[in-house]
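Both complexes shown next keep subunit A, but they swap its partner, so subunit B is in the first and subunit C is in the second.
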Partner chain A sequence: MTLEIFRIDDRLVHGQVVVGWGQPCSLGFLVLVDDEVARSEWEKELYRMGVPPEMEIVFDSVESAVARLAGYRADARAGMLLTGDIDTMARLVAAAPDIRTVTVGGVHHKPGRVPRSRYVFLTPAEEARLLELAAGGVTVVAQDVPQAAATPLEVMLRGEGPT
Partner chain B sequence: MNAPVAAPHLPLRVRAAMLLRLFAIQGVWNYETMVGNGIAFALEPALRRLPGGHTGDRFRAAMARHSGYFNAHPYLASVAVGALARAELDGVPDAQIERFRVAAPGPLGSVGDRLVWAGWVPFSSAVALLAFGLGMSPAGVVLVFLGTYNVLHLGLRIWGLHAGWTRGLGVASALANPVLRQGPAHVARATALIAGVALPVAADGIIGSGRAVLGGVLAAVAAGAVMVTLLHGRIEGWRVATFALAAFVLYAMVR
Partner chain C sequence: MNEPTRDIIAGHGTYAAGMLSALEQIAGRADRFIAVSNADLEPGAIEALLRATIAAHRSRVIFTDLSAGSCTIAARRIQRDQPGLVLVTGAALPTILSYACGGDLLKSVEQGRTALTVVEGKRDP
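Our next item is the complex of A and B:
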């Protein structure tokens, strides 16, 4: 067990993460990477209340996450790293190139975004960012829960992902 | 987040209107805004009290803001509705409200999913199954299920709206309530205990003294074992258990 799942999800900590992934994968810890949340005590308190007592949650900026990544990987427990947007994950991957797989778990509707699946809506700039990640050798898939099949990036961008 | 101050007065009829509207929070659910429109609908009675009333600029801006994307557990969305109503009427800056709208849904969804979908639904099903096993009529079994389920359902909606209004954007402390934090673990243990008692009692009730359908029951058990093996790792256990319990009760009612 180690930190194996690198997930982009604009909801960060929520039911799919804690119940959907947490129970079948026996997640012992979550690493929430967000520069703004890392500076905000009330937001950290809110997210702490979203995880069960037996699950640890730690908060990092991109910079501190890169510094601690080796420690997270050495953890005996199963863990998941979460970012709330594609840009944050891309910055993390750029600084920690040993991240080989990124899962898009939920990027929801906002003005300017186009639906690519029922839980992934992307702007052209966000699509380009994901393609950059893939071009750099990272496997990018869309998968909301572990029971669902992982949809490859190119399939998702054709709009042929889960609907 | 500032320390909580005493909540201003909100007339009972406004609270009642908000509570009633919370029952329709998923009425226009969609993949783009999730329950966003429902949040705005439930907030609307409180937002009418903004300066300028329901034709004022602040009312319109607030309704537009709260109609946007918001994804939370439908019962615990009441916490957000209460907190957002308080924030709007207190004149909290828009940026802070927007930040709360981004941060709150996930934890509310997580708490609600663990407590209700993964905890209370199986618990209510097990209680209903036990009632069936003890000889209660089909209508009685349904009433036991609905009664048990709605104790928590209604309680969460009422408590959530009050907690949100009382604490405003500092509502995280309310989520530290032991019912929400430790409740799911206790409910899971209670469900296991009740199901352990209810399953053999209910099976005995179906098979009966003549053992006329013993073969059918054994075949169903074997088929269930194969299904669980095939689905292992691909579906959550509580979904299988809830489906099996529901099928069990339905069969007993229609046979």
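Our next item is the complex of A and C:
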């Protein structure tokens, strides 16, 4: 076991993460990477409240996550790293090129975004960012829950992902 | 005349709508609540929807399904500037039903806890 899943999810800690992935994958820890959350004790407490006692949650900025990534990878427990947006994950990958797979778990509707699947809505800039990740050798897939098949980026961008 | 206040049931999928359906069937009290679903909504939109619903119905209590759910997180954010708002997480039908029928909130929560039981079958001798 190790830090296995690098997930982009605008809801960060929520039911799909804690229960949907947490239980079947026996997740022992979550790494929430968000510069703003990492600076705010109130935000951290908010997300701690949603995590069951058997699961640890740690908070990092992009910078501190890069510094601690090797330690997370060496952890004997299964773990998931979460970012709330594509840009944060892209900055992390740029500084930690050993991240080889990124899962888009949920990027929901906002003005300017167009639907790519039931749970992925993207602006042109966000789409370009994901394509840049893929061009850099990262496998980008869309997958909301472990029981669902992982949809490759190119399939998702054609709008042929899960509906 | 003012519309009566209505509290909120919020959660994943059709959880809240299902609760309303059950409340109506059992006690005819679906009118005490507004159902909110987080389906397809990003966190800011969930919070905005809850804020608008609270304002429109002068809601005092929000019942949510999961303590880790996005509706719970949104409600906690609202409590920051609306400290009078009460949040009940992990809410199942016995709690909401008791509250809908006029029960005290804390007693209704306790009733929900008591109602959660495991009944194992026994083979006939």
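Just so we're on the same page, the second predicted complex is superposed on the first by the 163 of 163 C-alpha atoms of A that agree within 3 Å, B and C clash if a C-alpha of one lies under 4 Å from a C-alpha of the other, contacts with A are read in each partner's own complex, and residues count from 1 in each chain.
Quick note on the criterion: a contact is a pair of C-beta atoms (placed from the backbone, for glycine too) under 8 Å apart; a residue touches a chain by one contact, two chains touch by 3 or more.
Since we're looking at a predicted model, the values are computed, not measured.
If you put the two complexes together on subunit A, you find that subunit B and subunit C bump into each other.
After overlaying the two complexes on the shared chain, residue contacts for A:Glu41 are found with subunit B alone; subunit C is out of touch. Legend: residue contacts after superposition of the two complexes on their common chain; A:Pro53 is shown touching subunit B, with no touch to subunit C. Of the two partner chains, subunit B is the only one that A:Gln147 touches; subunit C does not reach it. By the touch criterion defined above, A:Gln23 lies against subunit B but remains apart from subunit C after alignment on the C-alpha atoms of chain A.
Once the two complexes are overlaid on the shared chain, A:Val120 sits clear of subunit B and of subunit C alike. Taking subunit A as the reference chain, the count of touched residues is higher for B when subunit B and subunit C are set side by side. With chain A as the common frame, the single stretch of subunit B that clashes into subunit C is 26-34; none of the other options in 26-34, 134-142 or 206-214 do.
In the three-chain superposition model, subunit A touches both subunit B and subunit C at residues 10-15, 17-19, 42, 46-47, 49-52, 108-110, 118-119. Those residues of subunit A that touch subunit B in the shared complex are 10-20, 23-24, 36-37, 40-43, 45-54, 108-110, 115, 118-119, 121, 146-147.
Residues 10-15, 17-19, 42, 46-47, 49-52, 107-110, 118-119 of subunit A are the ones that touch subunit C when the two sit in their complex. Remark: subunit C residues 12, 40-45, 65-70, 72-73, 76-77, 80 touch subunit A in the complex. Interface of subunit B with subunit A (complex): residues 1, 31-34, 69, 71, 73, 99, 102-114, 117-118, 169-170, 172-173, 175-176, 180-182, 184-185, 233-236.
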